[in-house]
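The same chain A turns up in both complexes below, where it pairs with chain B and then with chain C.
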Partner chain A sequence: MSVTHDARVSVRTATGVQRPGLRAWPGIDNPAAWIVAIILLIMPLIANGFFLIEIFATTLILGTIALSLMFLAGYGGMVSLMQLTIAGFAAYMVAVFGTSDNANISLGWPWWLAVPMALALATAFGTLGGALAVRTEGIYTIMITLAIGAAFYYFTNQNWAIFNGHTGINNVGTPRFWGINWRADIPFYYIVLGVAALCYFAVEYISRAPFGLALQGVRDNPRRMAALGFNVNAHRVAAYAFASFVAALAGVLQVWNYRQISPGSVSVGACIDILIIAIVGGITRPVGPYIGALIFVLLRTFALDFLVKIGLDGNRFRLLIGLGFLAIVFWSSDGVIGLWQRWRQRATPTRPIGRSGQRSGQGSGHG
Partner chain B sequence: MTRFVERHPAWALIVIIAIALALWLIFAVWPPGLEEAIGRKRVFLNAVFNGITLGGLYFLVASGFTLIFGLMRNVNLAHGSLYLFGGYVGYAISASTGSWILSFIIAFILTALVGILLQVIVFRRMEGQDLRQTMVTIGLSIVFADLMLWACGGDFYQIQTPSWLIGPVELPLITALKSSGEPVYLRYPLVRLVIFAASVVIGIAMWLALNRTRIGMIIRAGVDDRDILAATGVRIQIVFVLVFALGAGLAGIAGVVGGTFQSLSPGEDIRFLLASLVVVIVGGMGSIPGAALGALIIGLAEQLGSVYIPTYAIVVTFLIMVLVLALRPQGLLARR
Partner chain C sequence: MLKGSVGLIALSSLLLSGAAMAQEKIKVGVTATLEGTYTVLGEDGIRGHQTALNVLGKKVGDKELEFIIASTDATPDSAVRAVRKLIEQDKVQILLSPLSGDEGIAVKNFAKTHPELTFINAASGAQETTYVDPAPNFFRYNMDGAQWQVGLGKYAYETKGYRKIATVGEDYSFIYTQVFGLVLEFCGMGGQVTNRQWVPLGTKDFASVIAALPDDVDAIYLGLGGADAVNFLNQYQQAGGKAHLMGGSIMIDQTILSSKGNAKNALIGTLAASGQADTWEDPGWQKFVKDYQDAFPPNKRFPSPSLLATNYYGSTMALILGLRAVNGDLSDNQSKFKTALAKLEIDAPNGKIKLDSNRQAIGTNFVTEVVDDGKGALFSKVVKVIPNVNQTLGYDPAVFAKIGLPSRTVPECKKY
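Take a look at the complex of A and B:
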């Protein structure tokens, strides 16, 4: 996947200051993007059920949550740690409005009613949280969104009436219609792939639509944008609303994937995992979160075996993640994409330094 | 103070009425009707005292956090890890030597050393890059948490309270009257009172050091404008290291206190990180009096909440934060 985007960027740098809004979809003229797309489409032929769901579907779900963070952080300059909380909220709402084992909590609505309800509520929740967070800037945003996420985690742990305390809600119903069980491996993979692609292209589209361009202007210089007549806070809250919707979609998929939801899935550690995924992948382009998610899921799944094989304690998976994250933050401000891009630039030294050079301090927009 | 009253007479009146009501609730003998409505006075007083002493603990954690932020604009999200590290060190020292006081000293020194290492090795390299520093502290907190889990396991530890502090003490506060008319006084654990007194002493000492000494003057100047301060010839890097050591050391001390009050286990680091975040958001980033006020409010809200509305205690804390953000985004006592 990284190939497609790297190529796109090199096109941009080679043609100089082309307006991004005037260009066609990224990667449409790029064979590598088509290859990745085709591989993703025919994945069920290649991979067995374990790989299909545990690796690829999980990657796409986590990647979509991280994509919503990437949208806020990369285009809006707002690092929100509550994206997983919003996804978790949507997941809880699906469980509460839909069907599950906890008959006294779940209302038993059909999925086509429960899911829009969950999406609407989670979007409203995220927008409210965003409206709160935009009252502050930069690093304060991290702290406030982290506090919101942690408060939600403790709340779900303590509340038994709606969230069923620390046991959570089990055996959440999944959709079945047209004679197909949509939670079976292959249909579910295609649902996840479809939603992820939808979100990915929506983010791509918005990033070059007038709203996205204004948002990037707000990121780079809020004062000047305000002087130009843009309502800075409204743009930020709208960005939160869109990101919340993306996160909520992923949250619905997540609860269908695991068929249960409990406070453990919205813990503070899990919120930070989303940040790690986005940062490791790179938050300047929408493809970054998916690369980060793939690395994270592969590490999470195979680190144990790998560590045991080289004679270390298998439980040190988080240490590995933490050290890898530190290394990325230390050496590449643009995640894995940035590393890849720099490596390519070194391979072809004649090319002028492009975006990665200008955006090397990715914190610059967060003043 | 007088300026506040002049500028916000309505708020000042509300605050005065609230304080008077609180004092009456604490000192007066409750009439029977009130006892029926909200329960025994002993429960209420215990919750208030637990809240105040918990506030003292929160203040110890949050003051270091806010001090580091105020001077270096560094949101140290590894602060909770320093707290837990200090607690484990304190446990190890007190278990091996049996000395409670010594565990404070060693925990302070060791966490301060960790703080110095962090500042010298990590944060000095990325000065001015707020977001990147914050990311690094997140990474560090993950690494520290896993290293501590590796070293200490997932068990609960509690630091032994020294024998001269065990047991309750009778306070001159009447909780109820016996049928014979004889007053019943509140009994409260001595160790909590001592720790609270110690945190008050530390708070006042910090305030004095910041406002009455030369180094405090330098730090305050650095909070206002560190570039100009560096331009006047102050060796600001040394000040940074000192402040980071002090902030980290305070977190270490708080760890020992928390280990005595409550217990130490993986996950406590996140809990106290969250507590200090909320405390400084409520009180105002970078302000020591703000941290004290925020700690008191949050401690009281948590304890009173857990007594009177048990399932929603955390929501009360959160609501306070939301309210402060909505009305005064910079925090209650921030100057900005």
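Take a look at the complex of A and C:
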């Protein structure tokens, strides 16, 4: 806590100058954003249970985990591969403190106690991991966070007392109150949408709040920020704490979604999937991870069917997924967002490039 | 911008039309491990499934069966994801799933949230799946891992004269169940299991495991499968290992015996037990082997069907025979179909199979020894056939319940 507080205090000195130019929300004047928002809101009218939950809710959950990575990588310059691990940790904690079929493990707390507990523990876990990782930079951060992810995976795989080993924890309880089963498709979709929107806007807000600006300063030139009197490491740890909380929220949703958690969900491969989602979508803007997640979920779900349908060997569907990602990253180093922005610039060549153009240019430098 | 939003709307209407298609046929979802450590097992399972369709046909009354295959990677989460996709997107009414032990436990639990559908286990063999809190709509026509080890401990003790053994196994429910069956019988005879090593599923480097193998034992039991088993054998041979080996049901199986390279030769003479034996002379088995061989060109199959092919064949057979018994009638939440399945007795290639009150198979088990056929191909040769093996392995249910559920340390090595 004191860390966050520190960060805020130290930022206050620098805010007065930068704030006015960046106060407006992007997209508030953008009809496409409104259309997407409306479509998301009325989605239960358009899509049936499968598309609603397996595609869109899953996209929003994975997108939120990737959003926490985007926040760290895009604004903080820290590529953390443990975001899924934090989400998985929160999911496990919900299963351990809440109810499940494994009565010898689960403590049977009601969800409104189990969830805050899980969120608090997962945030603490991620903050601690972050505190370890901030002492390093670049590839060493990746390695430390990957090591944390891998260690957690092997630990869950072999620990039977708390994590129930490879079998994992089955039939995890989901919330029911006010006479509504909140895991039924439509209520659950709205919970997921609500949480995802909350996280999205929180990241948007923080990115232009004093703390976020200082964080971007730390990303671009830590030495200068330190000379200006900012506590660089405290900012980074605070960023990890916030990102951990976002990832933990998504983790709670994930365990409610599948009602089950097992080591496969926190495997090293799954950790890297989150990185792929963020990179494919683009880590320069908060919307990127959600786009990446949608592409990822669609490919993962339909690649096998698609290959079989066009008469090819379905066993090679991983190849199709890999080629898809390769193609996106090859043509655009800053993901789908970069493609989109370049396409818009080309479509309107005479118009002077506005703020979004600058952002993309600035973003691609570290994308 | 406008173009973009029009595109989005077009996309969503496309999704909608795809999902709202009418249902004329009986749709069956199948899952197999087509990814990860157990890929070869999953592929052969699907071959067994297709062999059954070749033999039995895809028609029930005037209804056509449609099969939709989804891939998993032996982790429970992948199985639940695949099953949910099949139910919610493809609208399947019956599931033939899953392949691997922990997947089975997860799918059984999931089955309870869809009491109106029918789940037929494809090949998974963890004991807990049908023994603890079974789902009323989950049927298993293959035996569990412990049943597949019946006869092995006794044969090793009496005929081979082994007194002390150590085990190496993958760290998950199916192998626990296998070791459970072995230890119960071997220790019941008076043998000793001195050391049980567990390795995570998907282990590539077995150096530390091999170094820790005790050398004061008569034999080492291997409960590994798929890529793990091949990796272990390669490294074991390179390390100069010479111990007598015993094998679990997916270790001594065509998925390993017909792997490339000569590491598998370490297995010649290995004692094993399983729900099938490659060289069994029963005409039903021989016919199945021939059907399997005829269905696929030699380079796209194993010389002889693996245990997974046999299990998928058996479960597909039960599915089709069950549907025929009710003439494809799935009305009233499939209640007639479920009743028919519970009563069904199938003449599977690996012997007669019927279900107990937990809808768990009672079947025939085989003790085998690995032989070289003279042309470099390895097969499991029958040395003993044990009919009517039930889930409590012949123990009184009350005594059996006291032993506890299979885990790393259960059962203890003693006579129960």
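Criterion: the second predicted complex is superposed on the first by the 328 of 367 C-alpha atoms of A that agree within 3 Å, B and C clash if a C-alpha of one lies under 4 Å from a C-alpha of the other, contacts with A are read in each partner's own complex, and residues count from 1 in each chain.
Here is the rule we go by: contacts are C-beta pairs under 8 Å (C-beta built on N, C-alpha and C of every residue); 3 or more make two chains touch, one makes a residue touch a chain.
Note that the coordinates shown come from a computational prediction; the quantities given were computed from them, not determined experimentally.
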Review point. After the chain A overlay, clash or fit between chain B and chain C?
Key: clash
Check your understanding: Touching A:Arg318 in the superposition: chain B (first), chain C (second), both, neither?
Key -> both
Exercise for review: Kindly classify A:Met143 by the partners it touches after superposition: chain B alone (first), chain C alone (second), both, or neither?
Suggested key: first
Point to revise | chain B versus chain C as contact partner of A:Gly217, first or second or both or neither | key: neither
Exercise for review: Please work out whether A:Ile272 is in contact with chain B alone, chain C alone, both, or neither, and reply first, second, both or neither.
Suggested key: first
Point to revise | Which superposed partner A:Ser262 touches (first chain B, second chain C, both, neither) | key: second
Practice item. For A:Arg135, decide between first (touching chain B), second (touching chain C), both and neither. Key: first
Exercise for review: Go through the superposed model and pick first if A:Gln158 touches only chain B, second if only chain C, both, or neither.
Suggested key: both
Practice item. For A:Pro44, select first, second, both or neither according to whether it touches chain B, chain C, the two together, or no partner. Key: neither
Review point. Both chain B and chain C touch chain A; at which residues?
Key: 154, 158, 160, 315, 318
Review point. Which residues of chain C touch chain A in the complex?
Key: 1, 4-5, 8-9, 12-13, 15-16, 19-20, 34-35, 43, 69-71, 73, 75-78, 80-81, 84-85, 88-89, 102, 105-106, 109-110, 112-113, 133, 171-173, 198, 200-201, 407-408
Revision key, fill the gap. The residues of chain A that touch chain C in their complex are 31-32, 35-36, 39, 46-51, 53-54, 101, 154, 157-158, 160, 165-168, 170-171, 258-265, 267, 301, 304, 308, 314-315, 317-318
Study note, to complete from the structure: Residue positions on chain A within touch of chain B in the complex are 79, 132, 135-136, 138-140, 142-144, 146-148, 150-151, 154-155, 158-161, 268-269, 272, 275-276, 279, 313, 315-316, 318-319, 321-323, 325-326, 329-330, 333, 361-363, 366
Exercise for review: Would you pull the chain B residues touching chain A in the complex into a rising list?
Suggested key: 73, 75, 77, 129-132, 134-136, 138-140, 142-143, 145-147, 150, 270, 274, 277-278, 281, 285, 310-315, 317-318, 321-322, 325-326, 329
